[in-house]
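Next up: some structures, all given as structure tokens.
Below are two complexes that have chain A in common, paired first with chain B and then with chain C.
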Partner chain A sequence: MNAPVAALKTEAEQGLATAFAAAAPGLPGGAAVAAARAAAFDAFAQAGLPHRRLEAWKYTDLRRLMRDAKPLAPPPEAAAKAEAATAGAVIAGLGFRRLVVVDGVFAPDLSDLADLEPGLAIASLADQLAADAPLLPAAFADVLPAAEPAVTLNGALVRGGVVLTVAPGAVVARPLHLAFITTGTAPVAVYSRSLLTLGAGAKLSLIETHEGPEGVDYQVSAVLGLDVGDGASLDHVKITREGSAALHVASLIASVGAAATLTTCGFTLGGAVVRNQAFVRLKGAGTNATLSGVSLLAGRQHADATLMLTHAAPGSTSREVFKAVVDGAARAAFQGKIAVEQAAQQTDARMMARALLLSEEAEAYSKPELEIFADDVQCGHGATTGTLDDQLKFYLMARGIPAKEAEALLIQAFVGEVIDGIAQEGLREALTAATVAWLEARDA
Partner chain B sequence: MAAVQETIEQVRRIDVEQYKYGFVTDVESDKAPKGLSEDIVRFISQKKNEPEWMLEWRLEAYRRWLTMREPDWARVNYPKIDYQDLYYYAAPKKKKELASLDEVDPEILKTYEKLGIPLREQELLAGVVRPEGERRIAVDAVFDSVSVATTFQKELKDAGVIFMPISEALREYPELVRKYLGSVVPASDNYFATLNSAVFSDGSFVYVPEGVRCPMELSTYFRINEKNTGQFERTLIIADKGAYVSYLEGCTAPQRDENQLHAAVVELVAMDDAEIKYSTVQNWYPGNAEGVGGIYNFVTKRGDCRGDNSKISWTQVETGSAITWKYPSCILRGDNSSGEFYSIAISNGHQQVDSGTKMIHLGKNTSSRIVSKGISAGRSQNTYRGLVSAHRKAKGARNFTACDSLLIGDQCGAHTVPYMEAKNPTAVFEHEATTSKISEDVLFYCVQRGLSQEEAVGLVVNGFVKDVLQQLPMEFAVEAQKLISISLEGSVG
Partner chain C sequence: MTALLEIRDLKAEVAGRQILNGLSLTVNKGEIHAIMGPNGAGKSTLSYVLAGKPGYEITGGEVLLNGEDLFAMAADERAAKGLFLAFQYPLEIPGVATLTFLRAALNAQRRKRGEEELSSPDLMKRVRELSKKLGIDPDMLRRPLNVGFSGGEKKRNETLQMALLEPLLCVLDETDSGLDIDALKVVANGVNQLRAPERGMIVITHYQRLLDYIVPDVVHVLAAGRIVETGGKDLALQLEATGYAQYQGEAA
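Up next is the complex of A and B:
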């Protein structure tokens, strides 16, 4: 029942109104953008923070999880930039082209902009908004559900981000690394938005890392728009390692053209509350999409992976694998919906969601959903929830492996299925190392 | 593709002729005035000679209902129901209390005969010595708002089993009914259940005492006959410690252009070591080829495995109704209790089905199994919606869910919305779902071996639903198999 909840505003909602009023004049954008921001905030304020009665937010009730709204982070000063020098260290040394976004603002001075490959253009969203570019390009209009609250609020408060353009046919050999970092010791709110337009037949690898100060309850809202042209190929990995008290809400919006390939993988380690939502629309025929995710959760962490994948044209294939390892009193939620429109005949879609519960208080929720309007399709989903298999553990222990190590091996194997799907070897190694570190911290 | 085109053509040709239960029985009836108010609730309660507490219970439910909103989360679309434009009580007119089946209006008896339910014959045969081992079924027939006949009452009584209309049970065993009524589906449970609590008119009441295995299958046949009538029946089945009962339910309605409302509540209670098997063949009028008319079927069914080692099993074959909104559920409260849900939901024409189950694991070592088969044809929408949850203390909870959908034609939809909520690491949940059409390869293989296209499709569909059909009691399995072929006639033969 979508009963209208009383107009009583929560502290966070009131705080957001205050933050918007205070920050609006200083946010980048011309008159048209300012009007769009005001309209977006009004739309958001009317509905309020998403809550459990909204089906899409059933397991991540922001009214409850977001106690207050932090003030918007100011544009980064020298100190913040100094702190940001190490952004993305988790995958440093892999030779990726690093682009740093500090407190929601693209910092060209910290970024590697030398020797750009032909066809690759990098710009700042703030600059584009100042020239009254739209908050969200038209390509994404039919990808997002109406009045999506997180993206709407992000539109009102966004300070900046990176705008990437790859010309048709251009093959960018060196992977791009978008390193997002929140700095300082004061709790702030950071709203960023980055956009990528991949021309027809172009090829790119894009890696995102998100991090911030440990123990500070800052809030991050990140939007990433991916416009993948016909025949283009995009390989995307997102590593979320926010500080242990952070709230992180990320929205991925992807529009995929005919015969294109999209591979995206989310790897979530840090953050108190993390919501990764993806809206993917396979618009062209014969596309190939692989979406995957891993969450390693402990303590009182809450991570939600929500996926809305729409097959809108015939002959596309999609594969989804989402895994969660839940320890302590953490909670993992997965909501995945595959929608097949009537035009999308010969769709082949498979989704798998698995949760591994390691402790008495761990919780896992999954909702794999199919919505099918075409008859000539092959669609399936599977979901499992359970703990480590005692027999497997026994097998390893019988061969002289201590219990803890046996558990670690099994967990690594569980997560490994997703990591193995990542194209770059260096990245696979970095993520395996991160998993091992997580397992060691668990044992400590 | 010729085969596909043929199927689509045939689906298009489907019309109302295939609903063979669409006749109207001409009996005089006694109706409450149209509309819903406290007075109507009092009227129903008075008609039934109910104890005072029951009236209070109804009124409380009615007042609660006024404050509730109609749920809109299900994937079904229908014009708003005007609850004041319905009759909430209709009973075939009768002169006085009936002494035996002979006094039942012959028109009604004829109706049941047409439906293939031999009430009269069964009673006539009741006194005759029957060959050992022959299966018999006790039938309770509900016509609009009242139960018109219950067979085999005496024999059941000898076994200690109480099987009677709930209105009668309220008079004869008020304390027993009071103890259990609303204990599984509270009066305030949901919009339709609350409405039912306020205005329910009849239904079956079954009590199987400790250690008794009910000597025969119990069955209720529901028939909506009157125009513009809502049918609100309430069934309450209690299996005391170590008891066993198998209960069957069937339903039909005449063809009418208006939509009729059916909002039933079924409550099952299984104590220690008890088992209840509840089977439904639902064949309400589904509306015509343009989607006009048909029954709105908004049903709340829930079983409570209250005792240790208890078991509740739901089996349903859903082929009728314009709209089905139904989630037979199990609360697995007792340790080692188990719940099962087997479902075949077939939708054709403009039917909309949103059905599934909830398995709520509370006790230790509880297990549940869900097998759901959805077949959509024509322009219908068929949704499976289910929840499996394990409470923090539900150590060793186990669930297996399989839901498969088959699409016939390119105008229909099949949807799956499963929820899995585990709050216990020892809970093991597995869920798998597939959606596809009948593979051309399989059809080709069959046709190549001399089967006609229609026979081939029939064979595949029968294989598709086999798992569930096997769970039905024999008598129902035959009827269900026929129903499946009628429902898909023209689309699969």
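Up next is the complex of A and C:
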């Protein structure tokens, strides 16, 4: 390995080079994976951390926001696993099948692997890499932009994750819950990657939760690849509740077949800096995609939802709704690009971004974009940023509802539009409760 | 005996323009006062100033509710002390179910008065009874507050809120506007059932018609931000015949 360290200028970039050099020999993978990791790190090193002059990272300048690189978390020992026993408590009790990923490593011993439904297979990414499986399956090759920095760096440093396979036609009744947790009190870096292959006509609900220690400035890089087959149906929810000082960069990569249904919703509450980027390619005709997100931000939090959705085949419909509630001196950013390729006639795509500012210092940026190469399409986008409606608040107060409670009702209503789109009732209730708790913390 | 509401020489501005020009009015418990007047006289302004809507500046005078300084209280406290404004134009609140709103309002008032919250079943029972009386489809209670409601449905909903919250002073701002005669009778009937010795009402209307159904004890004419005439219920009939032209000259 011969990394061009000269290109890496910042302390964090140099730290990443050091971390890679130190960790590489111990990371899972045969010779082919080791070579792919080295190539990935080289590619990352050429460009360095993404910064604001790159259009896709305009609002989340990692070169500035990531001050240093933390050492890679070691494989979890007993203490880490004990701490991980409660991972995903935010949706506990809903009867989902919980699969725990501790410090980037799938922990079968903490996971519920009993009575797997026919057609459902669960494996460890680390095991597969050890057998020299590719870092990224071929299905995703045309979904990602070339040398996408976050995914590239993740490939170099990934320690593990879960690999899910659902056989064609299999309907997995019990939702899967991927519970990611970072443990300990020392700031570490955690790189995980999970992959799902959903066979033709198969059906699955997949919920991710991400959490970690409060006040510790750990760093998380998570990649999730979703390969959704023809006629398959996937319902995905990601709940990001990292500790208050954490940096969290997540990349969703989805390849979607024909006549499929993809619903994905991101719910972000915690973390100092959160970047949720999604790359979605609707490859088959007649597919239905609903992509949504909610961020509840306070203090000095920064959250960025970036979406690159490509309609590559005719007759697909997509709906995007992203909402942010921004309090304190927090900052929300939304970037959404819908690209409609020439082949994708009769595309129906609509994107909306709304931000609600609760304080003078709160900020929201949004940049919705359409790039259309087909002529027979219906596409639209809109963005609004505003404050709570004083008239509505007065109406509620005139009925005896105190100011804070009136605001809370209006904020819940604002967020409710997205939560209402989630299929499982239990999950809707959990997210509503999380919203209420966030609002109560705001009053405290 | 302390008056329920005492307005003394009230002056108020909105957007830098003086709308209320020294308005005085006293409402005692058990009384129903009608306020009539031409469009633009300041009737809605008076109701908003009483309810505490932001954007109105009080430039003179005072208002006492049961002897307490009304302007020292936030809008929600005024409501908890028994003031209720039935809006001329009730607002639509997407995403807040009507029942959720009713529960929040009633329980917030009860908490503020140091009373126990009403349990959900008790609230449901109470709301269902009142809805039935007011001809409100129970399905409406699950819909977002006022969203997509017809004008009549909105006014019935205001009346439902009033009946549920049992205020001491009801201010009805043009509750008759947008209602057909049948709806008017239902709403008026709802209002009449709230008549009580401890309760007072101010019924604001442009037309005499409503006063056939809600019979007032006192009728006032509000013109150019002031009460310019006060009489018995016959005054309303007289106004119906003569119109408000005679008062237009009162403008400052």
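As a working rule, the second predicted complex is superposed on the first by the 436 of 444 C-alpha atoms of A that agree within 3 Å, B and C clash if a C-alpha of one lies under 4 Å from a C-alpha of the other, contacts with A are read in each partner's own complex, and residues count from 1 in each chain.
Just so it is clear, contacts are C-beta pairs under 8 Å (C-beta built on N, C-alpha and C of every residue); 3 or more make two chains touch, one makes a residue touch a chain.
None of the values given here were measured: they were computed from a predicted structure.
With the two structures aligned on chain A, chain B fits next to chain C without clashing. Counting residues of chain A touched by each partner, chain B versus chain C, the larger count belongs to B.
Of the two partner chains placed around the shared chain by superposition, chain C is the only one that A:405 touches, whereas chain B remains out of contact. Using the contact criterion defined above for the overlaid structures, shared-chain residue A:18 touches neither chain B nor chain C, since it reaches no partner. When the two complexes are overlaid on their common chain A, residue A:365 makes contact with chain B while staying clear of chain C. Once the two complexes are overlaid on the shared chain, A:375 sits against chain B while remaining clear of chain C. Shared-chain residue A:383: touches chain B; no touch with chain C.
The least CA distance from chain B to chain C in the superposed model is 15 Å. Of all the residues in chain C, the ones that touch chain A in their complex are 51-55, 74-76, 78-80, 85, 87, 90-91, 93-96, 100-101, 104-106, 108-109, 112, 144, 161, 165. Listed in rising order, the residues of chain B touching chain A in the complex are 4, 69, 71-73, 392, 405, 407-437. Listed in rising order, the residues of chain A touching chain B in the complex are 1-3, 55, 342, 345, 355, 357-387.
Note for the complex: chain A touches chain C at residues 390-392, 394-403, 405-406, 409-410, 412-414, 416-417.
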